[in-house]
Amino acid sequence: MRRIDFMTVVGILAGIGLMGGALVMGGNPKLFWNVPSLMVTVGGSFAAVLINFSFQDVKNVFGTVKQAFTTDLMEPEELIELFGELARKARREGLLALEDDAGRLDDPFFSKGIQMMVDAMEPEMIREILETDMAYMARRHEIGQSIFKTWGNLAPSFGLLGTIIGLVQMLARLDKPETLGPSMALALITTFYGAIMAYMIFIPLAGKLSLRSEQEMMLHQMMLEGIISIQSGVNPRILEERLRSFLPAKPRQQQAGAGEIAREEATDRRI
Amino acid sequence: MRRIDFMTVVGILAGIGLMGGALVMGGNPKLFWNVPSLMVTVGGSFAAVLINFSFQDVKNVFGTVKQAFTTDLMEPEELIELFGELARKARREGLLALEDDAGRLDDPFFSKGIQMMVDAMEPEMIREILETDMAYMARRHEIGQSIFKTWGNLAPSFGLLGTIIGLVQMLARLDKPETLGPSMALALITTFYGAIMAYMIFIPLAGKLSLRSEQEMMLHQMMLEGIISIQSGVNPRILEERLRSFLPAKPRQQQAGAGEIAREEATDRRI
Amino acid sequence: MRRIDFMTVVGILAGIGLMGGALVMGGNPKLFWNVPSLMVTVGGSFAAVLINFSFQDVKNVFGTVKQAFTTDLMEPEELIELFGELARKARREGLLALEDDAGRLDDPFFSKGIQMMVDAMEPEMIREILETDMAYMARRHEIGQSIFKTWGNLAPSFGLLGTIIGLVQMLARLDKPETLGPSMALALITTFYGAIMAYMIFIPLAGKLSLRSEQEMMLHQMMLEGIISIQSGVNPRILEERLRSFLPAKPRQQQAGAGEIAREEATDRRI
Amino acid sequence: MRRIDFMTVVGILAGIGLMGGALVMGGNPKLFWNVPSLMVTVGGSFAAVLINFSFQDVKNVFGTVKQAFTTDLMEPEELIELFGELARKARREGLLALEDDAGRLDDPFFSKGIQMMVDAMEPEMIREILETDMAYMARRHEIGQSIFKTWGNLAPSFGLLGTIIGLVQMLARLDKPETLGPSMALALITTFYGAIMAYMIFIPLAGKLSLRSEQEMMLHQMMLEGIISIQSGVNPRILEERLRSFLPAKPRQQQAGAGEIAREEATDRRI
Amino acid sequence: MRRIDFMTVVGILAGIGLMGGALVMGGNPKLFWNVPSLMVTVGGSFAAVLINFSFQDVKNVFGTVKQAFTTDLMEPEELIELFGELARKARREGLLALEDDAGRLDDPFFSKGIQMMVDAMEPEMIREILETDMAYMARRHEIGQSIFKTWGNLAPSFGLLGTIIGLVQMLARLDKPETLGPSMALALITTFYGAIMAYMIFIPLAGKLSLRSEQEMMLHQMMLEGIISIQSGVNPRILEERLRSFLPAKPRQQQAGAGEIAREEATDRRI
């Protein structure tokens, strides 16, 4: 269930609107369109990105961009409910009964974890496998963000590089002073392109991807704790309390109070 | 009991006064008012912030700003007294007697911890739940600070971007040299806006929120240690000594000396 | 089996093409050729690199550069298959049968690990030796990257230094205003050289080497886990599952599902 | 026994002398005195510091500054001797005999530690309390340094802000070109103020405070190890050897060689 | 056996040659000599360094500089051979026979470690003492590097400060336009001095010292592992293998293969 991330779209439209407005208000917006400047700034920084990363990484970026505009992460509250349900089912019908639930989330991490639990793999091995999975997924996410961050950091440098190229060319033929202004304006446009690329596009996109990755890591951490807890037969309400500690306090209070849960558990253990 | 944080208010008033004074003394303060410049600097950087963060995060910021101007954190000394009292009550009347004290602080972390202790949840589970709670609360606080920091870092960049836009437009019509000065002044105003936004507002606010978060984390760490200690039946004065090690030495000396406390404990154990 | 890394080559050709195009389009590309400027920027920053590093490090750099243009790292999928095979062989024929497999990869880390396993060294000692090997290999890789990073950071500084030298010399003889433009153009060329060196060459190369090092570290981590697992007699399919957690989910699903593997293991253990 | 830190004083006097000399040599030092510029740079950055920190922190800074100019830290060598003496006394007369020594250092950390040891608190609890004390003291020191660092980082920004204000005001009335030079000179003075504040005062002071804090932390770490060692009845010379490993080798060689110490201990244990 | 570090010397000579060449080629190298500029840049930044560090630290710097130009670190290969020899001697003649070997290296860390081993101090205590020694030695090295880094970071700031001072003085007397060029050239010289100090001298020297410190730490880590291993009676060839894992693979292959070593050990243990 992939949903559009309105903030990214709104932010980009607002940015285009505001920048465009400022260009139009200042007179001739055509001033800011120059192909050689685009070549130096966009092309040059992209060439540097190609040197920095591998073919596989750069190919993956296009899929990654999509993630900044849409989201298919589930709500943590739903996950807590799901795990509460699974824990109750496991208590009633045994761990093997959960085999059919492995496919309930469209997340290979979840189904792998449930399967390993159902198949009675040892908890330390499950934890180790899932933590390795998370660590290297985080690392792959970082590479994606890193492409945008690197591009965002290089873009203003290539902008300045273009401005210097323009200045050198201009200064070498100072004999026609009436061309001085427009030449220098042209030289500055590369700096403008570099700044727009960096501050309006790549750096915020890298930030968004980083937040997404963190949310996904939190969901996976919750799944990991939930799976290990179900396997060790923890009380379903303790499990919910355990998972709810990942979330802010407010939604937690709307649920049954901690006291009730713990009391039930205490009863539970005395039996 | 939300109190106003005078320093934030005083700082902002002083900043406004000093900046305003400098503008007035320099002649015409109206020079520094320009709507398109505001659009590029404030609007552009806000658009980038929207791309970077999620809708939920940006919505939460408004509540977060309030925290920079007011504070409802309790004094650590009061917390130590409270825990001393609770520890003594627990020794006299048993852990169950603390059930009514869960609501004594307006802090869900505290009441959850007390409840779990009263309900005889295992100490390792209590510690794990409370530490997860702290870790993810710290993480959510960081996102709040991060919005201000990101905004503060982007603002001067958008200020420069606006200045470059202004310069390009100015340089393209150098034929009227008498407009050169005012046009360039106008171009520089975006840099002025960006710098004020960053150095006077967003970066100091992010710093304040970060300090607040650390204070809250310290209080929660003290609560965590206090709850675990009461559950394990530590001597109340040892508990106070344990909690006082979070604070600077001076207030500690005003209390009973460490020797006395330890001696009492020693007696205690021999019994 | 050393393969050419097309991205590095494509990136560098694209960069040269774009920069060259911008210079040619702007008129006289000869403007950008100046030997004293090269001396200050390239020579000066190289002299600083010589001070910063040892003779051995600088000598190794040339071999390191080759690594940015070619790659001989194996695919992780092949490694998983190899370890699955080795684990099955070890189960059938015993650990000693793996002695001849030590040379199957052209990687001293792998052969050393297999040998130590065959020779029944204790697992903790094997882990310690291989982890020390990885830690110090990572450290040596970092020094290589660090030479490029340091050079990349120093190049723009020496570019600016050259520009200042040029400006001082130009300002001292302002009496011939017609030389002003060309002199200043010349002064700016060092900044141009410094920026090209840093943003087009050294910083992206350092980034590429860093990614290569990480990939190699991941392969070695997989070998380490694989060797320890084979020695402890883990089920071959569990081992594959364990190693597959280093990789993204997709290739994993093309293999036998996790459930199957775990079930086989469960059977296995009951026997 | 508070001693003056000559380096801080010498550094500040040298800085004042050199800067003053440069101003006087350049002609009219009065050029560099301007009240509105001071308002923007010193006042503006202080207002931002007020927003960033709490009232308590800012109040504490004045005490902290004194620490940069004087020092009351003891020499580590003296501490080693003291602990050697205490360890010998503890062996001869028992731990209780150390009660009167708690006040021998003017350091509440030391006296608290000795008292807890004398009162036979458990070593793990003593270590936990003293480590919490050290961690939060380090944290409070960091806040003090952070005020200076923040101020030092903001000062050049406010300097530039003032320069931009001045430039805008100047550019708006370009009709009187004869005022151009002095106006721009005035505008640049804020940058001068900001740079002096940052690089001559706040950043070096923050550095000094950070080194002081580290020295104090080392002394406390030595006290902690010493107290735990005395409580566990370690041989006094082993204890001295243990504490001497915090210090550089030279003073260590002036003492009895390591061999002797260890030999004595070996004898000791055989008994 | 202190050897000259040719790279540092070659780097400095090359730097002087290249910079000097650029100055001479540009005409009058005397342009770049100005005493007040030296006062502001070199003197001012040194004054700030004095404020930042303690007298002891600054005094030690002179000894530290010598280390950047010479080296007395032994080759790791020699250390491995030495430890192989010591391990064999210990097996044949017992640990006490190593007493005379404590002085074989001119390194107090080595002799202290051997002595503690000979004197049968407990391995955990030896490890703790040697690790404390390494940690605080690393810390002292860091302070030395930090003086250079701090100086290197402050130098360009003081260079800019001097340029601003010069600009203010120049702008205040714009009535003589013919002095404009030379005055501004003079103002820029401080920036030149600051950049040379930072990028040619202090930052590379700090880098060299940091690499030296790392090499020394690696040697000490190898000594620590070697001493603990000999004390626990590890097979000498296993010990060599253990120590060789600190080094790159190539020199390792020139030695007896890992297999042989491990086989010998296996034999060893079966006996």
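General observations
In order of appearance the chains are A, B, C, D and E, and numbering begins at 1 in each one.
Following the convention adopted for this analysis, a residue touches a chain if its C-beta (ideal position, glycine included) is under 8 Å from a C-beta of that chain, and two chains touch if they have at least 3 such contacts.
Fair warning: this is a prediction, and the values are worked out from it, not measured in the lab.
Identification of common neighbours of chain C and chain E yields an empty set. Minimum number of contact steps separating chain B from chain D: 1.
With rounding to the nearest 5, the Cα superposition of chain C on chain D corresponds to a rotation angle of 145 degrees.
In this assembly, the C-alpha centroid of chain A lies 25 Å from the C-alpha centroid of chain B.
Chain A and chain E have centres, each the mean of its CA atoms, that are 40 Å apart.
One full turn of the ring, starting with chain A and passing chain C second, gives A, C, E, D, B. By the touch rule above, chain A contacts chain C in their complex via residues 36, 39-40, 43-55, 57-58, 99, 102, 108-109, 111-112, 115-116, 118-121, 125, 128-130, 132-133, 136-137, 139-140, 143, 150, 154, 157-158, 160-162, 164-169, 171-174.
The part of chain A that touches chain B in the complex is made up of residues 5-8, 10-12, 14-15, 18-19, 21-23, 25-28, 31-32, 68, 180-182, 184-185, 188-189, 191-192, 195-196, 198-201, 203-205, 207-208, 211, 214, 218, 238, 241-242, 245-249, 252-253, 257-259, 261-263, 265-266.
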